[in-house]
């Protein structure tokens, strides 16, 4: 697989909130999972699968594993985006890669999250499901970001 | 190294807040990093090194990497603790293991965070430092939790 | 009504988290509503009405209004409690007073929240309800804190 | 004072995050103060006074009081904005009005926050200050929103 050109990768702009910055002057580490969650929803939406539509179709996803590498801190007032791309597919699970980038393209934080697909009926989670075409097609081809 | 008996491992009780529970009815994944941060501070305090004292001594720690394995969700009203123990030591960095446990001892979530020690002067971070005896002694012997 | 002695007022200990402290070095203003929410749940529980039991009985409460007076900031590592007491009763609504206190008794923040009682059926909110004896008895007599 | 036309009022788009929605399916009440904080920063920026510039000029603001009226809940996926306008000026303090609005213009939540201006030197807060022209001019004329 050829490396994706940057123009092909979906990016989600993040508004760093004053309250997310801690005493060290940088975004508290836990907020990155919130940024990634937001970016994932926006990515699915951009790919034609709004989250609420996925749920209406009887599917939801749950986190199985998250990995984050923190390279440098982001400060209040900085302009950042989160790049999102699928990096691996299993039978019932898939991984998304995330990368926080500054305006100058510098990667400050890398993330990888493994999700499992579950069935959903009237708001009740029913157990693991094979990745349905609805989700598989929305995610697109794997293109690891790091 | 023999496996630690459970009575030897430090645990930190977590008060699951209503606002931390999401639409799926379980704690949102990002809050675990907050729980681990709190548990780390309590662990250091329990081992005789209050965080503010560490900073007054000219040291701070920064996250380099976090890994979380989500096994089952925690609901509002559940009683949980976070077990904390050091699992690996390098020259300037060390890892802590975290484990979220229910009252019945069931592990719901496993975490591992790698920290690097940095120098601190008048609130300014100065760069990596070898782990000083102050911190090394407080952390104690490695005893991986998972 | 005589002023309550302090020993009569319920207090809830709050663990100030590192991530709740902002660049100014004090707890970010938004977290007080989280502290009050937690303290309210603990207050009801202390008075014999666990929140989940109230919901199982077909009732929930919703915020109508919140007022907070910020007198001084709370820092990381400080030991605080939130005092809780009912301050006013209407037909379908009631107010709770909150007060954040330092170890030395100093009040740092005053809050008042007005709640309305709503009916609940299978997780669906049904509209306003008169305060039922279940809730009225749990709340106890009004004793404004500020 | 004539009521402002809506086109004159600054509005800040808010991205409602999945993790901000609680078990009741609506944004948890505490997040509104975060929305207002963000909206205030954006308002100042829009009016030519970036927050960091205000701090560099030796000023900061602190919350004295907040009032919020909750009229209806906001759900995940809803598109909302926060309108911001100054509503009152004192010697050292001023109030901003906030209003959360749906796409159809419906006001879901009203807020009013009173801030006091404080002096700032090398990151240290020095005490109350008269509102300087720098801030007074940026805020503009009072135009209460509710």
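Chains here go by letter, A, B, C and D, matching the order in which they are written, and residues are numbered from 1 within each.
The rule is simple: a residue touches a chain if its C-beta (ideal position, glycine included) is under 8 Å from a C-beta of that chain, and two chains touch if they have at least 3 such contacts.
Source: prediction; values computed, not measured.
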item	value
A-B or A-D, whichever has more C-beta pairs in contact	A-B
Farthest chain (mean CA position) relative to chain D	B
Centre-to-centre distance between chain B and chain A (centres being mean Cα positions), rounded to whole Å	24
Chain centre separation (chain A, chain C; CA means) in Å	36
Interchain centroid distance [CA atoms averaged], chain A/chain D, Å	30
Touching two or more other chains - residue numbers and ranges from chain D	18-19, 28, 30, 34, 37, 76
Chain C - residues contacting chain B, complex	15, 17-19, 34, 37-38, 41, 50-52, 76-77
Residue ranges of chain C touching chain D (in the complex, touch as defined)	24, 28-34, 37, 60, 62-70, 73, 125
Residue ranges of chain D in contact with chain B within the complex	18-19, 21-23, 25, 28, 30, 76, 123
